[in-house]
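One structure follows; several queries about it will come next.
First chain written, first letter: the chains are A, B, C, D, E and F, and each begins at residue 1.
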Amino acid sequence: MRPSGRAPDQMRTLTFEPGFTRHAEGSCLVSFGDTRVLVTASIDDKVPPFLRGKGQGWVTAEYGMLPRATHTRGNREAAKGKQSGRTQEIQRLIGRSLRAVVDLPKLGERQIIVDCDVIQADGGTRTASISGAWVALRIAVDKLIASKSVAEDPIRTQVAAVSCGIHQGTAVLDLDYDEDSTAGSDGNFVLTADGAIVEAQLTAEGETFDEEGLLRLLRLARIGCTEIFAAQLKAAGR
Amino acid sequence: MRPSGRAPDQMRTLTFEPGFTRHAEGSCLVSFGDTRVLVTASIDDKVPPFLRGKGQGWVTAEYGMLPRATHTRGNREAAKGKQSGRTQEIQRLIGRSLRAVVDLPKLGERQIIVDCDVIQADGGTRTASISGAWVALRIAVDKLIASKSVAEDPIRTQVAAVSCGIHQGTAVLDLDYDEDSTAGSDGNFVLTADGAIVEAQLTAEGETFDEEGLLRLLRLARIGCTEIFAAQLKAAGR
Amino acid sequence: MRPSGRAPDQMRTLTFEPGFTRHAEGSCLVSFGDTRVLVTASIDDKVPPFLRGKGQGWVTAEYGMLPRATHTRGNREAAKGKQSGRTQEIQRLIGRSLRAVVDLPKLGERQIIVDCDVIQADGGTRTASISGAWVALRIAVDKLIASKSVAEDPIRTQVAAVSCGIHQGTAVLDLDYDEDSTAGSDGNFVLTADGAIVEAQLTAEGETFDEEGLLRLLRLARIGCTEIFAAQLKAAGR
Amino acid sequence: MRPSGRAPDQMRTLTFEPGFTRHAEGSCLVSFGDTRVLVTASIDDKVPPFLRGKGQGWVTAEYGMLPRATHTRGNREAAKGKQSGRTQEIQRLIGRSLRAVVDLPKLGERQIIVDCDVIQADGGTRTASISGAWVALRIAVDKLIASKSVAEDPIRTQVAAVSCGIHQGTAVLDLDYDEDSTAGSDGNFVLTADGAIVEAQLTAEGETFDEEGLLRLLRLARIGCTEIFAAQLKAAGR
Amino acid sequence: MRPSGRAPDQMRTLTFEPGFTRHAEGSCLVSFGDTRVLVTASIDDKVPPFLRGKGQGWVTAEYGMLPRATHTRGNREAAKGKQSGRTQEIQRLIGRSLRAVVDLPKLGERQIIVDCDVIQADGGTRTASISGAWVALRIAVDKLIASKSVAEDPIRTQVAAVSCGIHQGTAVLDLDYDEDSTAGSDGNFVLTADGAIVEAQLTAEGETFDEEGLLRLLRLARIGCTEIFAAQLKAAGR
Amino acid sequence: MRPSGRAPDQMRTLTFEPGFTRHAEGSCLVSFGDTRVLVTASIDDKVPPFLRGKGQGWVTAEYGMLPRATHTRGNREAAKGKQSGRTQEIQRLIGRSLRAVVDLPKLGERQIIVDCDVIQADGGTRTASISGAWVALRIAVDKLIASKSVAEDPIRTQVAAVSCGIHQGTAVLDLDYDEDSTAGSDGNFVLTADGAIVEAQLTAEGETFDEEGLLRLLRLARIGCTEIFAAQLKAAGR
């Protein structure tokens, strides 16, 4: 029995609120249950130095957590003067996941910076971030298309992410904080709408796993992402 | 004529949404028009080192702005590795303003840390922060009272803040971004519900002012704060 | 009775020693009683990046305190690796105050950097800094005029600053450390020689104030600045 | 055909040189072909603050790369003043991998810090680090056992890591730099000698993959780790 | 011929102004010609962590240069966020030089922190700092003796420093900036009043030297330090 | 009697292993007994900003110590976020020593960065670094000559360094850690193969010294460097 009473293959309530803030070219407040992340996509007319003059664009991401997004207040990274290893790991993952579905030359020499800021955390902040980031990116790119700044749509397909893990011997989908903190092993899967795996990260904590377990988790991830893909499309008005 | 069509002594639409996030002991999403700040109040059982064993509490504040809260994206302070002078100036002001209405010995040896994170900026983020901070603080302290952690209410009165400035020759209340960026001179007033001035900060940019101008701005500030005080009480359920 | 025996509207002994160091284009050792600040004005032929090619100059300030300028030794900011919020707040105030009396386009595309380093502190280091900074700036600009590097004098008028506060129920001028650390409320006023207010910052610590109190402090500030303006002129050889 | 002429399931030449440095309780120079990493295991009698008094030990890792370990010189992280996101990601992975095979309560209240410094890089520095780290840890723990500082062996089994990827359409084992920089997708697997998966990290760059591909890479990883486990045992004198 | 017209073995005008600032237990403004350094000695009742409970004291030094102490303005180290290698090298040298003449157990468990801040630089700031530091230290320790905080004088003898170098083929004493920036090779000698060498640092820039040259410079240093020792005694009131 | 049983004028076993790593243009693993330093010389086609367009090259050095190179593990400088004063002092010394024997205009507009990383420390890491750095530099420059990138050999002569000190009243050569940590006074000499002194740094710790002592140490340094010069030539294949 899951603490939340959900079935093993049941996602938390999923909502995407597009246009949550008004300045960004694309924005979205994504909720996976009580986990809420504000995502904005900002278009910058300059690419990073290593890409100048190469005729292609770039998509990158930054991640942060408000100090009291969590049960106990964490120190503000700006005040500490550095981003934690965890923060950097997550923002690198978000960036790679988005780039996997973007045709960078079609984007032209511009950069889209996606900011994912966790307003409230209850497990799965990185998977909610990736899933919401696609919506914010989609909205921003649609503006580039509308203004004819890009000729062809640079987004090849959708990308979404979800966590899975073994909780008290059962493989479950979309872990909340209670499950996440006691899971024997868990993983994050980043999938595309056309069925491909973009990233898979599995970690055994306490309890290891094998091929069989890996495939079971992946099956759950496919179920969860199917639901996310549908919600993304609706939020992006497609 | 103000860009927004408001009368000179008219505040923007004011809303306080208490309990916006679930983990913090007190929280509030405050809006002064399009300026939206998420404020949380976190109770910490330890006081800072300089107060240990002195039989009194402490109230402090931290301030931040999401990178795309503004028209053009700003760099993330956590990524830059330091808080700007502006950020530090604002968070020091918020902390002083709150301490002005709190009886620290009555709070007991505990610290309340108020985090003000700007979700969307349209001028007046520091005054919205102070005004919302009082609500979050009030809610958190009410929990301390309810749990009999404090014997007497340590909050003496309400505190609120509003900006005023000279826009195209007219003294106006609660400047939005368009007014703020073109104002000849402007100021921020922090007032208490019993009529006292806690902080007054006036800066002439381009256009200086005199005693007469100073008093005119202060009169406007009193009008604005009266409206804020009423909204705060309602939001805090008092 | 003031600890120093001064009358309520009496400044401390005021001295400006121009040319205190030999390398800077302008320099001055300013003393407000036992508070002594070494100010230098350095002319730099480059403007900061945000002003390049805009046909105007810039004036900025940096502030520091020698570790043992104070009663007990403070940590060296260079060793700690960052400037405190207080330091940044003060240097921003000094820069704004100077720019309020400088016609930046007349300065041409160059920057004047004013360094205010507190040799000995006894209250009022920021007001002494601003007052001395004008002298150093004046001397440096006079060299630009003498060498025909600028065609017209970019300095419109004098600027000076002084603190005022309520000490044991009496409004007093130019607080020293003993008064400052016990004042119920105090403020800093930055005024120009032609009677305008450039900055006013008032803070209630313990004791709040009202319009009446504000005006009383401002009246004292005008008395103090009149004395400072005369001394500045003499020091600058005008 | 692989650039190195190796068969798809062929590891590079594997060597572990135990006792490479004399001060550390355990040390090992591990080579996966031209990738060479110096690993040391240092025993510290204190655990980190979050574990004090909890009756258990800790194993953690730090990772670094000498500036000219690579084809072109990289900046020294100590000179830049911070560790990159990549460095932090890798050292967190090494630490988690080691802790997966250590019974922390049996280690007693002490910490073992494993330093992995890359002397020369040719792809696979994180997998060589993990594989060598087990040897250094084993040697250090054997000293604790010999001196009767621990009663029971806290190391449950061996842990090793290897990379796999799709190079020009073929799944290959233990990618060197040439393969790594052109691979369509690749992953790192951390396995234990008793057959369990501890970590699996797969990333598609350009080319995505599916269940079939994932299992194919995992099969290769098992082949590689079997060879590593044998070499580890020999190096650790078991 | 030296640019200043001095004889090869002639020091610049030497002055020590004791008690230059009022808060420090010992202070002194030392001038070697146009090089002026403000030195303060602060007594701290705590020793650094590595000496706690060892029954001895400590003497350490910090060094800084005001941004416009030099011909062209240097960046403020506090603003850059770190002390340069040169700064650290100099403050380590000052600390070692002072400790060479202090009997640390006789000082008791307290620390004396000597701050050397360069007001104006014209070559030889480190040697002026060391020479002035002894005076500030002497004054501070005399207060400890007067208040019977220490039983026996912990200062064994005087310490002073001077630079020497080869300028246009001639060995000269106490180089000023003009000589220093063109000297073929130069060195700093730290000597005690009883004739011993505490530190000798020689660097060939362009022109190397041999035993003969080294001894010639050392002879000059003895001449210079003899003059400094006399001036120190007078300044310290001995 | 020396702890190692060596005669007072006897060096530790000296080895230079050229070509220790494969990517650097020049590399060398130098050992002075148990002190082992990996040195690489990297050729960079850009000179630092202050030399651009001046028609000359530059040679600089960086120094680091692996965390467990020493008896007890030191903190990793990259993790602490800054290089210690000692590290900076040493890398500045290495750079100056190398530049003393290089004709920078003949090098052309390129920079050679020498990295000295201490693998294992047993006293004398800076002297081993300098001595090994010359070998790595020689190898790198020989490649520039072979590829006709430089017309004339920019290296004028050899440079080497060794430490000497007074251990239990006897002047001894090439101190190891046991001697270094108990020596009354010691020094480092950097000499060229044609007999000149490039740098001499002597420090009295506890025990001061005089001209006689200084010359005695220098005589020992000449003996040691003669042996190093011969080994360098052999290692560099000359």
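Everything that follows uses one rule, which is that contacts are C-beta pairs under 8 Å (C-beta built on N, C-alpha and C of every residue); 3 or more make two chains touch, one makes a residue touch a chain.
Chain labels with UniProt names: A, B, C, D, E, F = Ribonuclease PH.
This structure is a prediction, so every number in the text was calculated from the model and none was measured.
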### Task
Starting at chain A (Ribonuclease PH), figure out the least number of steps needed to reach chain F (Ribonuclease PH) through touching chains.
2
### Task
Take the average of all CA coordinates in chain C (Ribonuclease PH), do the same for chain F (Ribonuclease PH), and state the distance between these two points in whole angstrom.
50
### Query
Any idea how many Å lie between the Cα centroids of chain D (Ribonuclease PH) and chain F (Ribonuclease PH)?
33
### Summary
Flagged in chain A (Ribonuclease PH) as touching 2+ other chains are 81-82
### Task
State the ordered list of ring chains, commencing at chain B (Ribonuclease PH) and continuing via chain C (Ribonuclease PH).
B, C, E, F, D, A
### Summary
Within the complex, chain A (Ribonuclease PH) is touched by chain B (Ribonuclease PH) residues 21-24, 27, 34, 38, 40, 42, 44, 62, 64, 66-71, 73, 76-83, 87, 113, 115, 117, 119-121
### Query
Within the complex, which stretch of chain E (Ribonuclease PH) touches chain F (Ribonuclease PH)?
82-86, 88-89, 91-92, 96, 100, 187, 192, 195-205, 208-211, 213-215, 218
